[in-house]
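Just below is one structure, and these are the notes that go with it.
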């Protein structure tokens, strides 16, 4: 539920690590001491995470309300994943969110980084700090501001109207302003959530891309220019290959982050209006606590975990294959 | 007794054999250089002594102990790493003292040893600095010092000069050699640079693809290479090789390669029909009658390398054979010229093409 | 390829671990349910223990009501100096979320304020987590103080399979009623009188709209308010017995009825005509209450609980029940009992908890709570409410509905998932994402699924 | 390229950067401004205009009435115990995975990595039951233990990468110098990995301070700062100025920690993320 971007990056990178050689012991090296170092962390992790995952697997085979004894239903909870439109819908929403969490930040971050990289920026540290701020402040706080930004007041005098609506109206684009506010309108709620999430994360990709671009030797650009490359060629031949690793991190991380989206939904829309912003993690939470479908929630949680794993794995394979071409 | 002995040591990494049935005895106080191209197993051999790798078969002794399974700390050796491996957050003093502290040596003794080593290496002023604030050469000395203070049975050095610039390298190598003679500690020194090997080693062990090709003092290795690999590896510029047919009889030996013919008097042991002939550039001269050179051989000049007081010229004697020939710096030879050259007597190395082993010198 | 082999091996190792872990834990989740029977009728009422102890209560009262609770607690502690009352105050959503977890432990709260109906109280009863209160009710005479209608919504068969009959699991003397508030000034300005039929009400809406006023102050981003708008219309289109039976799960009823479709059609019609506050989909309930209190909007359809926001003795606002379809018909309203208090089965001080409930439902408590807009249900409570105030309107309307037996319980009690289903479906209905027919089908699906699972 | 052209380019670049930065902090400034509005259920300011008067007193009111001292104390106590514990465990584990060989190391490491994608939704109910059985509900310990167990996966991954980026010779030199693995860790590797450790600590601190769901589910009297904020906000629903003041109070410690460490933090972040 709290998919940290950096954690997602870890998953991304962790899974792509090549397996190490078969353990071979060095002279005089203790064969057991490694366990001692790992033990404290592992014990607490196994006892308060892994063990419950096992229990979760067990629960997922029951229809259980969390209170009375469950009924064994075998794979029925898993079957729901394929049969219930409500669940399918959540994954469609997540796909839509990808535009905001993965594609847009990469496109915007990349183009900004390309533009900014052409000069030495004074005070970059300061700007970096500003760009990183949205990431470190909890959604609980920032959501407050975003509800204001998205408010439109239905156009009634005296109702709070957010700056977004004010600006659009001033530009003569008032017809774009949904009366129900961006978060209350069925068509705009999901994109609005997406923009909020994007705002919280785009600084990270921009900074990563900027750092990456600065590492590309300028001789490569010079060589490209000597060869008569235009901006577009330069991007394709020099910048993108040079940023391959940064791209991979941002892409994998944002895709995993999107799949696990929860906080934004919890603080902004609670899945509404209707079920328009319901995402898998929210659906699970809601089954768990609002409607008492604990077994079903466990099964959906495990399915989500498998999907996240599969997507991460596939993306990494894809990126690596792309790199070796 | 600082003797280091390998007995039939084999080291495999997974399915790759890094060192194959390697036996070598390094005497007490000896400066032994392990030399070879990358992947030859020389570094592995060194790390096996240090205990940084576990051998697959065989035995290693340091002093009179078998150290196969001893931890590095118990082997009584010290090592100088290629990248020096200085502890970045410690001062030079702390770097030198660390190993002694770990051995629970008294503070006074540590201080004595550190100051002594610092004096020997002339790094007394640097003791309070951190590695970051040192030049490459200074770091290198600190790395040596860290080995020195330990007063071990053997020093192990893994290409310690490779990160220095050319000039400093030459200077340092004689300093190390000098230091080693002064202290008299057995030293195993790994390098890929044959010049370093020739100038520093009491003996040189030439390695290739996990095998020991030849051991000996620099002169004998140079003069009597055991095989084409050693012959080609030792000496600079490298030896030129050519496959030649052999006609032997009546006390004369004729070596030929297409149009090329070379007649040699003297009758070595019976040779196969074909041999590899090796000629060191320093033994090949532009032909002049009456100098007792063997030849002449003729060919077209393919390249000219000015070295200052002399030049090396590459001469194509046939489509696939080029000899490098020595000439004075002022010689008027230029590219494309046809030249004739000859070889000093007793400097034609013959090798068996089947085994690459040396057959003799004529 | 080697990579893949290694990967497969890793996966298989994980699988083995997972299987081992799984078999180790493969037991049915949930503890065996033991349904406690009602404690014996206490011979002495009140707190009998003398040792100091703490009574913990989980409630969802905030604002003015919350402050009065604090005061009542202090008085209770003064009355029984060995008792400390600890309030854990969580909002409606949190309480819904967390009560089930909290109450199933070895040290549950003693008293909980759980919502009636299948989603909350029903689940707790079924799991044997609440104590039947019948004997306490007898000892304290609770059943004599309020009408059976009020008690019925807290009644369950002890195994939790039947709603509306059986043992008593919660008790309150405070009532709720959902109706129409109106702004007297605007009503006057528009030259309107109080509507007496549904048609007149719609006429009033049209007039207000024409005059540029907001006919109905309404905000639905929180969701629950939409249930009340719909319910209030549905109360007029569908028969009372149908609605009550639907909620109690009697007589195999369906949600897919012409009356319900009619109610859904009316609400869509109102949206179409712009009778609701513009931007209601994105506005919050509390904001809308605040705006209404400040004079925006002719009507607001909601419950008695906003009286405290309007000011109990305010004469600027009035309240009436949604008028019936036919002239002279009976106005039916949603409401009835407020949040009841229940005793956790695991409570170590059930007698004291009962004494506490009696205290919180006493006439004294009622007198303090009524000015906040809570409706006294107990017979014989004398409250001096000045007439002409919004509070008196509310209390009178509730009394009328009660006398007419025209109070329908909250619809979201009908199934464990009904609240979520209704909120989403009404939001979709009011945004024209679904037709009235789709709306009732969607809800019927939830309803029938649950009803068939009960059999 | 002539000077004039590059000057416009530079100007354009700064313009762009300033624009992006404004987008980044605009909502935050909104909250800050709103926190100074006069309190009371006023018509909600949208927070993006200067308040008529600066009501510093809002902070005092929020702090005392909102019990933020209690919430912040909880967050602080939990963080003070949890951050060092989690970082030390991560250092130990990361060190073992980076430098030691032992049977099953890979499997154990991947089990840790699994922790990064275990959805809390699948485990929270069993977790609740287990914590209940241990009698840890509503204690600092429940937050500390669960946060640690949630953070070590990432921490171990992170520290392993950091230690693996150390030259191998450094470890070997220490081995030859006779340092035990324990000494090597604390005397050689930890000083070497200081920037990575700092970044991990800041991240962990932020996670701990911002913890919301664990506090929501597992505590009643031990609300963390963000949980306290939601509780405060729901009690003072129309008090936008006060709620904003509360929000600023909750966000401030993180912002301060971040500003103090930001240079090293971002550096560690970049190397961590890119080196992997």
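Things worth noting here:
Letters A, B, C and D mark the chains as written, and numbering starts fresh at 1 in each.
What we mean here is this: contacts are C-beta pairs under 8 Å (C-beta built on N, C-alpha and C of every residue); 3 or more make two chains touch, one makes a residue touch a chain.
As the structure is a computational prediction, the values presented were derived from the model and not from experiment.
Contact with both subunit C and subunit D is made by A.
Chains joined by the most contact pairs: A-D. Compared with subunit A, the chain whose C-alpha mean position is the greatest distance off is B.
Centre-to-centre separation between subunit B and subunit C, using Cα means, comes to 90 Å.
Centroids of subunit A and subunit B (each the mean of its C-alpha atoms) stand 56 Å apart. Centre to centre, using the average C-alpha position, subunit A and subunit D are separated by 17 Å. Work out the mean CA point of subunit A and of subunit C, and you get 37 Å between them.
Residues of subunit D in contact with two or more other chains: 43-44, 106, 111, 114, 125.
Multi-chain contact residues of subunit B, defined as those touching 2 or more other chains: 51-52, 71-73.
Subunit C has residues 10, 97-98, 101, 104, 287, 294 in contact with two or more other chains.
Pairwise, the chains that touch each other are A-B, A-C, A-D, B-D, C-D.
Residues 167, 169-170, 172-180, 183, 187-188, 191-192, 194 of subunit D are the ones that touch subunit B when the two sit in their complex.
On subunit A, the positions that touch subunit B within their shared complex are 21-22, 24-29.
Those residues of subunit A that touch subunit C in the complex are listed here as 18-19, 50-51, 53-55, 57-59, 62, 64-70, 72, 150-156, 158-160, 178-186, 270-275, 286, 289-295.
On the subunit D side of its complex with subunit C, the touching residues are 41, 43-44, 106-107, 110-111, 114, 125, 128, 132, 135, 137, 216-217, 220-221, 231, 234-235, 237-238. Against subunit D, in their complex, subunit A makes its touches with residues 1-2, 4, 6-11, 13-17, 19-20, 23-26, 29-35, 37-38, 40-42, 44-53, 55-56, 59-60, 66, 112, 115-116, 118-119, 121, 125, 127-134, 136-138, 140-142, 144-146, 148-149, 151, 158, 160-163, 199, 203, 206-208, 211-212, 245-246, 249, 256, 260, 281, 284-285, 288, 294, 297-298, 300-302, 304-305, 308-309, 312.
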